[in-house]
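Letters A, B and C name the chains as they come in the text, with residue numbers starting at 1 for each one.
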């Protein structure tokens, strides 16, 4: 009897999970549909603000961890970044699918101006993986169930200054030098545009992480990063973690919780 | 001319921020309105699952950091937890306001069974702060602008075993011992029910943090924590951070990016 | 053989009372701490076990020591037991004058004397068994799938009980030639296991060089009392002249000390194959950097030590050192851990929960030491149905003027804050809002 009750309760719980997911999906699609035109307006406003994206991407503390320092020269060429979600037009689309469009300004003699769109889709079929790297069977099962991010490789013209590490141009991959250059090039932001998500461990590292960073943080919060970069006193512009150089204060009062509140307060 | 253009662009950007906030608010209210009846169904299902909340709160690695170990005896008495948002009935309410209801089972001779509801509101008037602790003028200005979480102290009957640290019963606050007991009691989960958010540094530490933990994590994700606690091999039930016992590996293959992908992985 | 309680009682002042926590994590098979060239030594496994000791007095926590024991099993027999001393710390809240050096020496001696077979009785296997993922809940199982599995079990009124054989392996032989090693890295830091404790004016932090001498005397004494033959003892101070390093040996009773490391490499060998990587280990992190920088196949041992001192964690002017000793234990040594002198946790999660009551507290004032003790005792009582070990000191007090107690503080190896996550930061209690 108790067992039957437990079974029923667990089944009800499973039903609730489905319902919650459906609501989250529905609400997220609505949210993206309402935000898309606002983001479009924002993109137009950004055009009038000099070096907006250069400022944002320099201010963002995590972005630089994904690319090589040498890439920053070309990161500074970014005129605009734009994220779009197909579900805003087609509500049957997976709301986790999106595309990122980046508009690069050129550098005379080195780098072509270009507009590049990278499309990201959710894949459930793990048999499409060409390299499985270290993924375990369990991890693959989970990927199959939840879906995982993939992308079509997209064409981008590399800067000429990167010719020696451009994986498409490194011919002699058998020498130590060739190997090293190929590997170096694979870590460049430009290699990210070729990322597919289907060759685990063999392409731009953590390409889905960078995509998610654009989608969930850099693009939606760009205005926040831009204004943060304007903080007048330069030394106020530091991360929270570095702010722990506070002086020691002894509790002298009764029921004085200063120390605790310091410890617990954000 | 350029300056005028910049001004216009920045103004447009400010307008966009307002629009984004309005959408986020509207969507969040819709989301909570749709989830509330589902959560009510879930609460009914949970009744049929023995020790559901005990399992969830034991599994949750952060919850225990907010309370004292001695509280765990009474945490185990929790029959149900429920979060409600007034904005689901009244769309003019601030969607960040909520209430938490906890139903405690009693322990004969020690602890009364009781149902306690703690109501949280957003306050903008910093003049209501009775102690400002170490908060700087800037922080207060920010609180005033964004609003900060407050709560009405709510009645809860403490367990008898806590009489010596129950701040309401500690009479002799002038002795070292009395002081110590008072301060200890202030860290108990039971002191959280008295938390107001208006006496910075002088009440249950990080009371808003614990409220947010219930609202944003424990309550919405309780099923996830319940199932995680069911992992069959005990040693697999562990936070990701502790799983870093990976070996150093030299890349011997050409274009093998295993280690890099590990480094960048979230 | 005296038990742990008796050992500690002998070094704690008479008529004073203490409470000891000796926490031990599960023994797990782990990847090698030395990078091996692929596919050699298939018959070798390495078993890692974590110990955490906490000493309290007057309901205040005041001392903690963390160490790891690695047992190497080759062809089904134990060939090596390696003790890595990870961190030691005091916080200055002990009201009695006592020798932290003696406490540390006694605990290290105790761990040294434990029969390595104790660690290989129930080893969680490294490779997880093949399991039917439609029936088993693992860390990768989604909430939805886990519910489905639980529903099926509930319907059939069954429980899943994994067979011990597929999860654990066991060994019961020790090679007659087995050796014991002790390794540690010394570096003076204001605090490690007790955060904010440097704000306590009663806490005294040793200089890097005094700390090194402090540890050398402990290791020296453990070697003399427990080791019998084939003894090697090595000290490496990155960036220091050999002659200056040798000066540290002057007060040691052991005659075997030499400048160098324990790991047998010739100076022209590749560092990456000859330097072990321990938890929170700065030289290990440097090794990782070499691997990531594609230099692992180039850097030789002598270059490794030379470059190591340039690393941030080694360069701040304080003496840091790497100590390693090895030898065969006296045949009389070989204790089993008695059930009443250790709390064994079946999972790392539980181990970390208990440990976090100590390491997550704020020791800026005495209140932290009291609260940590209260939480520790309450948790052991409520969740594990056990308690701390009560010890009464029996060491005769020499007539010393009663003074503000000056504790010898064995501070160790905090990794540099800005480069690496500290082990204990992940465990901070009541942490700040995100």
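Structural remarks
Note that a residue touches a chain if its C-beta (ideal position, glycine included) is under 8 Å from a C-beta of that chain, and two chains touch if they have at least 3 such contacts.
Everything numeric here is computed off the predicted structure, so don't read it as measured data.
The touch graph of these protein chains is complete, with an edge between every pair of chains. Centroid distances built from C-alpha atoms place C farthest away from subunit B.
Centre to centre, using the average C-alpha position, subunit B and subunit C are separated by 34 Å. Taking each chain's centre as the average of its CA atoms, subunit A and subunit B sit 27 Å apart. Per-chain Cα centroids separate subunit A from subunit C by 38 Å.
Of all residues in subunit A, those that touch two or more other chains are 6, 10, 13, 17, 183, 260, 263-266. Looking at subunit C, residues 138, 141, 143, 147, 150, 430-433 sit in touch with two or more other chains.
The touching residues of subunit C, counted against subunit A in their complex, run 133, 138, 140-145, 147-148, 150-151, 154-155, 157, 199, 294, 362, 364-365, 430-434. Interface of subunit C with subunit B (complex): residues 26, 28, 30-32, 35, 38, 48, 124, 128, 136-139, 141, 143, 146-147, 150, 160, 162, 167, 272, 277, 287-288, 291-292, 296-297, 346-349, 352-353, 356-357, 360, 367, 370-371, 374-379, 382-383, 421, 426, 428-433. By the touch criterion given at the top, residues 5-6, 8-10, 12-13, 15-17, 19-20, 23-24, 26-27, 30-31, 34-35, 38, 41-42, 44-50, 133-134, 173-174, 179, 182-183, 186-187, 200-203, 205-206, 209, 223, 254-258, 260-261, 263-266 of subunit B touch subunit A in their complex. On subunit B, the positions that touch subunit C within their shared complex are 61-62, 64-66, 68-70, 72-73, 180, 183-184, 187, 205-206, 208-209, 212, 223-224, 227-228, 230-239, 241-242, 245-250, 252, 259-260, 263. On subunit A, the positions that touch subunit C within their shared complex are 3, 6-7, 10-11, 13-14, 17-18, 136-139, 141-142, 145-146, 180, 183, 248, 250-251, 259-260, 263-266.
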